[in-house]
Every structure is written in C-alpha cells, then in structure tokens.
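Both complexes shown next keep chain A, but they swap its partner, so chain B is in the first and chain C is in the second.
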Partner chain A sequence: MAWYQTEIFWVIVKVAVILFVILTGGAYYTLAERRWAAFFQMRLGPNRAGFWGLLQPLADGIKFILKMETFPRNADLFLFMLAPVISTVTSLMLWGAIPFTPIIELPEAAQKITGSKSFILQVSNPNAGVLYMFAVSSLAVYGILIAGWSSNNKYSLLASVRATAQMISYELSLGLSIIPIILMTGSLDLYTIIETQKNSWFLFTLPGFLAFWIFLVSIFAESNRMPFDLAEAESELIVGYHTEYGGFKFAFFMISEYMNLITLSLLAAILFLGGWTLPDFISSAISNVWLQHAAGIGLFLLKAFFFVFLFVWVRWSVPRFRYDQLMDIGWKVMLPASLVIVFIAGIYVYLK
Partner chain B sequence: MITGYWPYLIHFGIAAAFVAFLLFLTTKIKPANSDKAEKYPDTFECGVPRKGDARGMFNVRFYIVAVMFIIFDVEAVFLFPWAVSFLDYKATGLGLFILAEMTVFLIILFIGYFYMIRKGALQWEDPE
Partner chain C sequence: MNIPEILFYSFTFILVGSAFGVVFHRNPVKSAMFLVLFFVGLAAMYALLGAEFMATLQVLVYVGAIMVLFLFVIMLITVRDEALLNMSSNAGRTVIITVLVLAFSLQFWVLLGGFMKAKGEHVVNGAAPYSTEVMNYTTGEKLLITGNAEVISYALFEKYLLPFELISLVLLVAVLGGILLTKHKRETLQ
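So, the complex of A and B:
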C-alpha cells in the first residue's frame, strides 16, 4: 500500500475505535448518573437490567428505537431533524483532537504490521488542537438553537434562547481561562501542553490555579449542568429545548450532552492536571516502558473520571440559579476575573 | 502553518454517516403509524390548546448579550496569538514590550466594559 493508503486506513481505524468508545461511554454515563443520583437520594436506582443494571443503556436504546415517532404539526421538519444530528456530530467530532496516549514506540513485529514506527491514539495532532476543541464545541450552540426554533413551541424557543445566551456568555470566560496555559506553554498543541506539565501540573502554578476555578465554573455553564441548567428548568420550561423530541431524536440530545461532559472532563484533566504524564520519581520507579504507559493512561482516565463524578455530585448538591443571577455571574464576575487572570499570567510568565 | 487537519474530514464523514444511518434505521424499525393526528400532534403547551405561533418576540437583552459576545470574542481572538508568541518575544528580550502592549489593550477593553455596565446592558430587571 502507498503511504497515504496506510495513513487513511489507520485514521479510519482510530475514528471507529473512538466513536465506539465515546458512544459507549456516553451511554454508560447516563446509567452512572442515575445510579449515583439514587445513591445521593438513598434510593436503589436502575438495577434490574443485568447485574447492577449494567444492561440498562442497552434496554434504553431498544426502547428509544421502538418508540413511535411524532413530529409537531407546525414544525420546520428539515431543521427539526437536523438539530439532533448537529448536536451529536459535534460532540462526536470533539474527541478527534484529544491525545489519549503518549507517542508509543512500537516493537519490531508491530512496526511491520502497522507500517509506522510509533503509535498514538489520537485521530490527528493539529498544531492548534485547543482551538479545534473550542471551535467545534461552540458549534453545539447551533444544535440547541435550531432545535428550539424549529419545533415551534414557545417553551422550546425560550429555552433555546436562554441556553444560547448562557453558552456564549460563558464561552468567553472559558476561552480566556486557558490563555494562562497557552502563555506558559507557548503552544496551542494539546500534546505539547501535556508534556510541559511533566513535573508540575498547571494547577499548581499561580495563574493555572486561578484559571482552573474559572474553567471549572465555565464548563458547568457551558454544558448546561445543574447549577446553571436554566435551559432545562423543568419548573419553568417543560423540559427545555427538546420538549417536542421523542424516540431516538431525543436519545441523540441526551447522549450528546453526556458525551460533551466526558469530553470536558478529559479536557480539564489535560489542561490542568497533566494528562498522562508521570512525574520523574514515579516513572523512574517503574522500569518497564509499557507499564509506564499503562500507568500514565490509567492515571489520565482516573483524573477525568474525577470530573465525571464531580458533574453528578454538584448536580445533586447545589440548587439552580435564577437567570439574572446566572448572567450577572457570567458577565460581572467571571469575565473581569478571567481578564485579570490573563494579566496576572502575563506578569508571572515575564518574571519567571 | 496549518497541517494535520485532513483526518477530521474522515472523522466528520464517519460520524455524520453513522448518525444519519441510525436516524434512518429508526424510521424503518419503529411501529408504522398511519394516523395523521397522532403522527403530527400539536405542540405541547402544558396540556391546553396551543395559542398563536411561537415565533413571536422575546426580550431584547438576549440580542444585546449576543452583540457583547461578538466584541469580547474578537478580543479573545487577539489574545490567543499574543499568548502563543509571548515566550518567543521574551526570549528575544522584548518581553516587557509585549506585556505592556497587552496591558494597554486590556485597559481599553476594561473602559469599554465599564461603559457597557454603566449603560445597563446587563440589567435584567427594569430599573424602577
């Protein structure tokens, strides 16, 4: 095979693996959320389908497929069908830039089969990976906006307008909160950002520590999660922008929300907690290279899992904000704070 | 230099094809329904019959928020290249210069920001 054929072949394999993992992860996150919610409320939660309810996502999926399909009478049908597709495709695209593994040198035998010297579980390594992530994730706004507008329901429209205003407001502080990281790294490449944190995570530097809290609050607002889930305030707007959706179209919205949460958790682990890097004193204690890689990747997933759990933990612990409070926090606290942090980071990097 | 983005075209193609295929599959599997009133129900408004159209007016503040977003997002666009090249400038001894430049930029931005607050662009209740 020519070189580009092998390249394309491996890209397709990686995309297939990543799509499978993210879809399964998103499906099982719904189960985890329900189980943990039950745990917080001293209930049992779904535990009938399979051991510990582990087959529950499958049962849900079958039920979603078998549901009768309805379309609102006065909806814009093309946009109505397009909205869940946009939401899902954007959240599926997001995993393309995340480096799940370090560059692994392959042994001789594997080199012959794969035709390349090293392996990395990342669809591509663009030199502006961070920008790619933020660009694609901001496209998710279109899914919500189109969903609310096309279903021609007053509650859906109101919810989608609210969600859009909220997401674009917090996108500012989200974008500004990673500037300290870029300042300290001097690169937009996610791989370089991880490697720079080999011996000290960005969380433990002054600007990184300050920016982390902005980032944390912003990802909650960005993904419409609990303290900021004004788009789905069921006491005010029936269920939000997907009121009119049922069956698999609703499942797409649901799963894309959970996939986005997983992506943001991974991103938080990459940007602030050092990704899969091991500090020198640990990597020198492990002699085998493969064990080192396994430990690093395991730690990376563990860090991401902490944020995955945090999303649920906060959801069942904190009450919802009022809409004007939400906007005030976004524009009058987070935005000036993140601008000041950019300035602090500039001074910090200059003096260092 | 922009390289390494072509795999995302493949990624997009596979993802879109997968989602479209699933949507198509559900239209084939789901129970057949010939009753028009059931297939195309009225939009749900808490159980009472629908009144009017949803595409009416909504609060103008959402529009103002969108305008302000454009301003500050463009500003973030200016900050990104500054952040990337900061270390290079520092290495050539121009660190103070580029820091001062961004400070001026941020101060101008803050003036605009306070003007915006004073004008009440973020006031969600009526003043009285």
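So, the complex of A and C:
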C-alpha cells in the first residue's frame, strides 16, 4: 500500500482542506458583514482593496500582523496569551465533526489511486456527533472568561462575566431545543440526523418547528450577537472582554467569533433544514449521481448561507436588550418553553 | 509500543501533573485552570477506553458548566497572588515538575526497551466493545445493542429506573433548597 493510500494521509488532507476553508470563510465573513452593514446603512463599505474589496481581509491580516504587540501591565501573561488560542482552537475543532458531503461512491479509477471505496468530507465521525459539538462549543466559554480576567481590567472582567453568564444560561435552552431532533431521529449521529430528513425536514414537523425558534434565538445569544451582544455593549463596557487585545491576538478573537457563526449556521442547516439531502422527487429528476451530489451540497451551503446572512441582517435591524431582560428571556421564557417542547416531542414520537 | 499506549502514558502524565498543579499552585485561578485541564485529560482517557459518550459528557458537564461556575466565584473575589510572597513555592514547583518528567521518561524508556514484550493485559489496546442484551417489550424478542449512548440509556431507563428517578428527585430538592436559601437572604437584606 502506497503512502497516499493510508487513511491517515487522507485525514490530514481533509484537515488541511477544512482548515483552509474555515479560516478563509471566517476572514471573508468579516468582509461580508462590513459590506452588508454598509448596504443596510446606505453606504458603500470597504471597496478599495481589490475588486469589490475582495482583498480587504488580506489587507486586514497584514495590518494585524504588523501591529506592535502590547501587553497590559500586571496582566497574567500566560493566560493572556492562552485565551485567544482557546477561542480559536475550539471554533476550529467544531468543524471536525460536520459531515459536509454524503458518503460518495468513488469511480473505479479513483478507487485504484486512493485505495478506498468511498469518500466523505468529514474528518471524524464521533459516536455522539451532536453532543461532541456541544461539548466543544461549551469550551469556548474559557477563552472569554480567561481573556477578561487576565487583562487585569475591570471592564474586561465585567464583560467576560456577562458573556459567560449569558452563554451558560442559553446553553440550556440550546441543548434542550435539539432534544426533539434526537428523539425523532433516535440517534446522536449527525450523519443519521441528516439522512432521516430526506423527505421531510425537521422544520416541517410540529416539535421541530417549535424547537427551531428556540434554537434560533439561542444561537444568537450563544454567539453573543446583536440583540444579545451585551458582552460588547460599547456604551457600558468599551468593547468588552477583548478591550486589552490588539494586533493578531484581537484578530484571533474576531475570526473565531465569525467561524463560530458559520459553524452555527451549518449546524442549523444540518439539524432543521435537512443538510445535503434531496427529496425523492428532485433526486429522481436528476439522473446523474454526481449532479445529485453537487446539487445536494450546493443546497446545503445555500441553506447555511441564509443563516450567515440572517446573523448580519438581525444585527443591523434589532436593538440591544437590557441585561436583566436577557436573563429573564433566557430563564423564564426560553427554558420553560423548551421543556414544554421536549414534552410535545415525546408525545409526538410516541403517537407516531 | 503502539499509539494507544503512547497516548495513554502521555495522558497519565498530563493528569498527574495537572492534579499536582491543582493542589500546589498558589494562584486559585490557575489552580482552577489546572482542574479544567485535569477534567479534559480525564475525558481523553475515557475516549481512549472507548467510552466516547462518557468523555463528551465529562467535558460538557464538568468543564462546560461546573468549572465555569467555580472560576466565576474565584475571579470575582479578590485574589492575592501568594506566589510572590513565598519564594519556596517556586522550588516546590520545580521539584514536582522534575519528578514528573523523570517518572514519565523512565516509564517511556522502560516501555521502549521492550520490557513489556510479553503482552500486558491491562493495556488500553482495543477497548472492550460495550454491548448489552435487552428485551424488546412490544415484540418480546431479545436484541443485542452496542454503542455507548444506547447502552447507558438502557441501563438508566430500564435496569436502574427507580434509583435514577430517586436521584433526580434528590437533585430537584437540592436545587429548590439552593433557591430557597438565596431567596431568604435577599428578603432579609431588603
């Protein structure tokens, strides 16, 4: 067996491809956000670097690298440097479990070269894929918490405490909102969840429809986005937990936030909108298998893109909540509602 | 010497090291961070044993929720950094790290030297498959289920349903008690 036929080689290739895609995606999401924000406000936005401003992320990156490294006095340097690393690594790790493609049967020629019969763009398939996603994303809290504490700045600490309290409060309703999906699928595996939705998305079932709204609100709160971005309330807290960070350390926080948004969009498309599955009437209309796969994956990316746009859309249309309102919504509305939805889902699955 | 063994001993090193860190570090926040590292290492150990479900839950519950609350409390109270006051703590740290590194390299060297050529039974190689036999109540036939989540849920909701529900009741009482205690204090303050 040649070296390029081993499994580990292909895993490394997949990791390289996914790392490239996620980092570029995160960088270009910042550009998209700025452009769209500009359009919402009747401006043009960054359009000088390259055609349509397409080189802007690159220019930003160069600028971040060339900036002087500054460290606050009396800061805990080790934890100060560790915080952006934790944020970035956790958001990179999340993409390891996402199945981007269905299992594709390779043609004869490709089988001979690669030595494997099928291909799937998913680095590893953990036994409990959904739980893996939640476990890893719950680690992201540490990046924020440590960043706030180690900067030795009262505003940073307050912001990080706010952000963390918000994230662990909404993690509850986020976790509960996917239980209807798990109940209807009977599996924690992301691949099985997608395949179950072949002919009906979970959005179009009663418990799935109810849970979707809880999920949607929770991911906005979980990613500290606009209606809930109290961690970055400028009028109260400067810019939040990364006030003391500059240069590429700040870029790490920024890019990990955008990567998290993309991950959540993909997750929403997988859990509620059927991922890359095509309903039977479409897949029977397309005769070529490769075209079917292409259509499915294209649709999957399109669904995810809708959520990517939704994040920006909401950010520039909805004002910010007050912090006590945020906590009230989380604990007094979302949590009981999601418990009721779990109950409804139980009845639904039992009757079916 | 294969990859699981190397991983096992590396994780052991991390686990023991971070456990020492929890106990001996002078800064409570760093101590708590060592505890986080310990829990993550423990999760890795579970995963190595084939109990992926336990590993994920370990991270989700202990690291994602419980330790965050610990850190919350520690960060909000003023922390005096005693490491600066006491020079001997540095010496202690050095001793611990040296001993750990020595022990680790010794272990590694022993393993590499082929002392373990007679295959040991305890090694984590290829963990036992988790499976259990259950009865399907509607059809009456016996099924063999594999997979972590399934086995655990059958154990919890079939075999030990009563103790499980009782434990959840105890937890509920504890939650209510916690709320009652804080509520009471707040009223007296007003």
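Please note the rule applied: the second predicted complex is superposed on the first by the 347 of 352 C-alpha atoms of A that agree within 3 Å, B and C clash if a C-alpha of one lies under 4 Å from a C-alpha of the other, contacts with A are read in each partner's own complex, and residues count from 1 in each chain.
Everything below uses one rule, namely that a contact is a pair of C-beta atoms (placed from the backbone, for glycine too) under 8 Å apart; a residue touches a chain by one contact, two chains touch by 3 or more.
These numbers were taken from a predicted model, which means no experiment stands behind them.
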Touched partner set for A:247, first chain B, second chain C, both or neither: first
First (chain B), second (chain C), both or neither touched by A:15: first
Which of chain B and chain C A:142 touches, first, second, both or neither: second
First, second, both or neither for A:169, with chain B first and chain C second: first
Partner chain in contact with A:124 - chain B first, chain C second, else both or neither: first
Partner chain(s) touched by A:344 [first = chain B, second = chain C, both, neither]: neither
Touched partner set for A:110, first chain B, second chain C, both or neither: neither
Touched partner set for A:79, first chain B, second chain C, both or neither: second
Residues on chain A lying within both footprints (that of chain B and that of chain C): 126-128, 131-132, 149, 157, 161, 164-165, 168, 171, 188
Complex contact set, residues of chain A against chain C: 76, 79, 126-128, 131-132, 134-136, 138-139, 141-142, 145-146, 148-149, 157, 161, 164-165, 168, 171, 188
Complex contacts: residues of chain B adjacent to chain A: 1-8, 10-12, 14-16, 18-20, 22-23, 25-27, 29-31, 33, 38-46, 53-56, 58, 62, 65-66, 68-69, 72-73, 76, 79-80, 83-88, 90, 95-96, 99, 102-103, 106, 109-110, 113, 117, 122, 124-125
Complex interface listing, chain A residues touching chain B: 8, 11-12, 15-16, 19, 64-75, 81, 84-85, 88-89, 92-93, 96, 123-128, 131-132, 149, 151-158, 161-162, 164-165, 168-169, 171-172, 175-176, 179, 182-183, 186-188, 238, 243-244, 247-249, 252, 323-324, 327-328, 331-332, 335-336, 339, 342-343, 346-347, 349-350
Chain A-touching residues of chain C, taken from the complex the two chains share: 29-30, 33, 36, 52-53, 56-57, 59-60, 63-65, 68-69, 71-72, 75-76, 147-149
